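Next come two complexes, and both contain chain A; in the first it sits with chain B, in the second with chain C.
After this line comes the complex of A and B, so read on.
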C-alpha cells in the first residue's frame, strides 16, 4: 500500500481532469439529500453530507436494467444486449457502502456470474472517502470495520485538513493513480499519523454497537419467536429499508414493449411486498407481514452468514435513518443477541 | 460477450396435447430447440426445471415432464393460470417460445437403481413425476428398477393429466397404476377419495422403496404423514417443491425457504431435509 497526499487546492483540478476520461459518480445535492450522480465539473460535487440517501449499489446494479431485447410474440426473436464497458470511477464512496459491493459480489459472482453487474464492477474504480463525522445511526464498527477503512476500496481519501491523505489499496487503484500522478506527492509520516488520529476520532464518535457475536446460532432457535410479530406490527411494509439497503439485491424480471419491439428488464424488488412471493395459484408462502419482516432479518443475519459467510449488513444506518416507523435494526438484533433461550 | 444467464434460447412448439379442458386447463407442449446443436447438448435429469417464456408475456418455471431418455425434445405440462401460461395456451404448433435451463437439482435416478419406486401425484403435480416414471419405464432402464407403482389422483376425471398414457400403462405388467378422483362420478370404476387415502389403500411396502410425491401442499403434507405411517423413513421420501421464481439461478432472491433457494438447491428435497428446514413454505 502506498500513501500519498493531494492538496485541497489541487483537488478541483484533479476532479475536472478525471471527468474527461471517466464516467465519474460523486455525491451531489438532490432535493435536500445527497445522491450519487455523474458529474462533469467539480462544482457539482457536494461533500457536506455524511452519505447519500440512495445507496451507490444503484450505480453498478441499476434499479431498472435491460437484460436482452426481443421481438415479442409467437414468432418472436431475441437480440442480445450489448454490454457497455464504460470506464467508471465512484468518488467519495463511504467504506460501509464499498463493503456492500463486496457482499453483493458473493451473490452476483456465485455459481452463476451476472454479466451486467460484472461488467460494471470490473470497469469501476472505487475511490473511498473516510467518514470523519459518523452520525448516531452509524455502526460499521460492530462488524470490525472502521469509518476510515480502505479494505473494500481501490483508493481511500481521508480529509486531513489542508490535504487529503490518499491510500492506494489495490492494483486497480494504482493504475488509476498513475494516470493522474502529477497531482499527488508522497505522504510524510506526520500526514499518515494525522489520518490515524482522524480515524480514531471518528471511531470514537460511533456510539452504538450491534452485538453480532452468536446471533446466527441464536436465530437458528428463534424462527417461531414472537419478536418477529412484535416488529411486524410496527412495520407498514413500505419497503424503504430494502431499497435503501446497500446489500439488498432482490429483483423482478418482466417483459416490456410494444407490439413489435420489446425487452426483458429487471427492476429492484422487495421481500417486504406480498406480491414478491405469491404463486400463480394464489398460495403465498409469506402471506403475513410477520413472514416478510422475519425473512428480511433472517436474510441478513442468518441466511447470508450460512451461504456466504458474511453478515449482509454493513452498519451504514440507512434503514434506521429512513424507516418511517423507526424500526431500529440495532435494537432488534441486540434483543436477539441477548435473548435467553 | 459474456454468457447472459437471463437470456433464453428459442424453441419451436412441435406438438400441443390437450390434457385437461375447462377452468383448470392443462396442455403439454413438445418443444425442440431451434438451434440443433443446443438441442443436442441439452442434457437434463428428471426432476429438473426450465423457464419457458411466450416472448413479451413473461417467463415461468416448469418441471420438465418428459423423460431425459428422449433426447430430441423436451415437454412441459402447463396449467392455464397467469399471464404467461394463458398466453402459452393460446399458442399453436410451429410457434416460438424462449427456453432457459435446465435448472435445479434432480431425482437421484442413479442412486435409486435396484429399488422399488412409488410415485404419488396430485393434479398438475404429476408433471415432474411423469418425467422420472417414463425414465424408469424406458426399455433400456426398466430392468434396473424394482416394482413401480403410480398413485395418481385429481379432483375429477376431467382433471386427470396424461389419461391416455395411463390407459396404456394399465395394460403393462411391469407397472401398477392406481388412479383416483376426489368425488363420485358416474362410470368411474377406480378409487374415489383423496390421494393420501388411496395411498393407504394401496399400501406400498416400504422395504427398499423410494416414495416421490408432488401435488398441492396439503396433499403432500398428508401423503408424507401416511408414508411415515406405512413405515417409510424420512430418507426414503422425496418431494419436489415450487416457489415463485424469476432468475432461476439463485440471484434474484425470492424462492428461498430458509437459506436454500428452490431454484438451485431444490426443487427436489427429501423429507429428512425438509424436517430440518425452517422457512416459509
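After this line comes the complex of A and C, so read on.
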C-alpha cells in the first residue's frame, strides 16, 4: 500500500483530467439529495454529501437491465446484448458501499458468473472517500469496519483539510494512479497521522451499535419467535428498504415488447412484495408479511453468513433512514442479540 | 398539546371493552425524531402510547393491512373491533373507506385527537441529521421546543409544520367514539405551496418538472403502501395479465404509475400526505393529489371523507354534474 497526497488546489484538475478517459460517476446533488451520476466537470460534483440516496449498486447492477433483444417472425430472432467494456471510475464511494460490492461479488461471482455485472465490475475502479461526518443511522463500525476503511476500495481519499490523503490499496488502483501520477506526491507521516486522527474522530461520531456477536447462532433458535410478527405488524410492505439496500440483489426476469420488437429484461425485485414468492399455482410459501419481514433479516444475518461467511449488511443505514414506519434494523437485531432463550 | 395521560387512560378503557381486539396508537421511535406505530394488546402496552407533534404517520392504514390467514379447522374468526388513535386526516380516511365499503363502521373504535398539526419528518431530520438520541418535542406558544445535544431549540411552528397541515381544513376528527380534549381552531392557509407555481408554469415547463420528478421514482410502492386509500386487494400495477404498467423502471412506466395512482385518488384523497412522507425519493406527490382535489371540489363541490353516508364521488351520478367536456 502506498500513501500519497493531492492538494485541494490540484483536485479540480485531476477530476477534469479523469473525465476525459473515464466514465466518472461521482455524487451530485439534485432535488435536495445526493446521487451518483456521470459527471463531465468537477463543478458538478458535491462532496458535502453524507451518502447517496440510491446505493451505488445501481451503477454496476442496473435497476432495469436488458438481457437480450428479440424480433418476432416465423422463426423469430434473438440478438444477444452487446457487453460494453467502458472504463469506469466511481469516485467518492463510501467505504460501507464499497464493502457492499464485495458482498454482491459473492453472489454474482458465485457458482454462475453474471456476465453483465462482471463486465461492469472489472471495468470499474472504486475510489473511496472516507466518511468524516457519519450520521445517526450509520453503523459500519458494528462490523469491525471503519468510515475511513480502505479495505474494499482500489484507492481511498481522505479529506485532511488542505490536502487529500490518497491510499492506493490494490493493483488496479496502482494502475489508475500511474496514469495520473503527476498530480500526486508522497505523503509524510504527518499526513498519515492526520488521516488517522480524522478516522478516530469519525468513529467517535458513530453513536449506534448493532451487536453482531453470536447473532447467527441466536437466530437459529428464533425462527418461530413472536418478535417477527411484532415488527411485521407495523411494516407496510413497501420495497424501500430492499431497493435502497446496498446488498439486496434480487431481481425478476420478464419479457417486454411491442408487436415488432421485444427484450428480455431483468429488473430489481423485492422480497417485501407478496408476488416475489407467489407460485403459478397460486400458492405462496411466504403468505404473510411476517414471513417476508422475517426473511429480510434472516437473509442478511443468518442465511448469507452461512453461505458466504459475511453478514450481508454494511451498516450504511439507508433502510433505517428511509423506512416510512421506523423499522430499525439496529433496534431489532439488538433485541435479538440480547434475547434470553 | 394533547393530554397524554388522558390518552393512555381512554385507551385503557377502550382496550378493556370485551369487543375490542387491540388498539393502534403511537409510541416513541427507535432514534432521533422518529415515532412508531404501537399495537397495544395489554394495558401495559397502552402505557407506551404517546401523542406528540412527531406522530405524523397515518394509522388508518393498519386495519386494512391486517392479514386474514385461512382459519384452522374449528377455529373461529376474531370479529372484535380494532381501536385506532385518529387525527383529523386519519378519521377522514376511515370515513372514506367506510363510504366505499372497504370497512364497516362497527369494525373500528376511534379514539379521536384534535390535531394541532404535525412536523414534517424530512424537514426536521434535514436540520438535525446527527440526532440519534430519541427526542421529545413540545409545542409551546406556536413554537416547537426540544433539546439536541444538550442545547435547547425553539423553532417557530410554521417552519417545521408539514405543508399538508398548513392547508388542513379538518384537524378535528370527523368521526370518533371518544375524543381526547378540546377541538382545535381551524385556520387553514388557502393555497397549497407548489400548486400555484405549477399552475402558472407553461405546459412544457410543467411537463419538464414532472419528468424530473418521475424519473427518479424507484417503484418501491411506498406511496401506495402508506396511503390509507390504496387498499385494493390486487393493485393494477402488480397485474401481469393484462400488464397495465410494465415492470421496467423508466420515465415512461414511472409516469404511468404515478399518474394512474393520482387519478385513482381523485375525489378520494383526504390529503394526509402519507404518500409523500413515505416516498424515499422525495417526489412531491401531494402536489398532484392536492391539484386533483381542488378540481374535484371546484367541479363537483365535493370533499371526500366527511360523511360515512355520503356516496363516493365516482360512484354517484348527479344530473347537474358539469359536462363541459362534451362538445
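The rule we apply is simple: the second predicted complex is superposed on the first by the 338 of 341 C-alpha atoms of A that agree within 3 Å, B and C clash if a C-alpha of one lies under 4 Å from a C-alpha of the other, contacts with A are read in each partner's own complex, and residues count from 1 in each chain.
Operating definition for what follows: contacts are C-beta pairs under 8 Å (C-beta built on N, C-alpha and C of every residue); 3 or more make two chains touch, one makes a residue touch a chain.
This structure is a prediction, so every number in the text was calculated from the model and none was measured.
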Based on the superposed arrangement around chain A, label chain B with chain C as either clash or fit. fit
Please indicate which partner A:252 is in contact with in the superposed arrangement: first for chain B, second for chain C, both, or neither. both
Thinking of the overlay built on chain A, is A:113 touched by chain B (first), by chain C (second), by both, or by neither? first
After lining up the shared chain so the two structures overlap, which partner does A:236 touch, if you call chain B first and chain C second: first, second, both or neither? second
Based on the superposed arrangement, let me know which partner A:144 touches: chain B (first), chain C (second), both, or neither? neither
Contact-wise, after the overlay, does A:186 reach chain B, chain C, both or neither (first, second, both, neither)? neither
With both complexes superposed on chain A, which partner does A:267 reach: first (chain B), second (chain C), both or neither? second
Once the two complexes are overlaid, how big is the angle at chain A between chain B and chain C (Cα centres, nearest 10°)? 90
Once chain A of both complexes is superposed, is A:226 in touch with chain B (first), chain C (second), both, or neither? neither
Superposed, chain B and chain C have a smallest C-alpha gap in Å of 7
Set intersection of chain A contacts, chain C complex versus chain B complex: 252, 254
Chain A contacts chain C in the complex at 31-33, 35, 50, 53-54, 63-64, 133, 135-137, 205, 207-208, 230, 233-234, 236-240, 242-244, 252, 254, 256, 265, 267-268, 270, 273, 275, 287-289, 320-322, 324-326, 328, 330-331
Residues of chain C that touch chain A when the two form their complex: 29-32, 34-37, 39, 57, 61-62, 65, 67, 69, 125-126, 129-133, 212-213, 216, 218-222, 224-226, 238, 246-250, 274, 277-278, 280-282
Which part of chain A faces chain B closely enough to touch in the complex? 67-68, 70-78, 80-81, 83, 107-108, 110-116, 118-119, 223, 249-255, 257, 262, 264, 266, 269, 271, 276-281, 283, 285-286, 291, 295, 298-299, 302-303, 306-307
Going by the contact rule set out above, which residues of chain B touch chain A in the complex? 1-10, 53-60, 81-82, 85, 91-92, 95-96, 98, 217, 242-244, 246-247, 249-254, 256-259, 264, 278-281
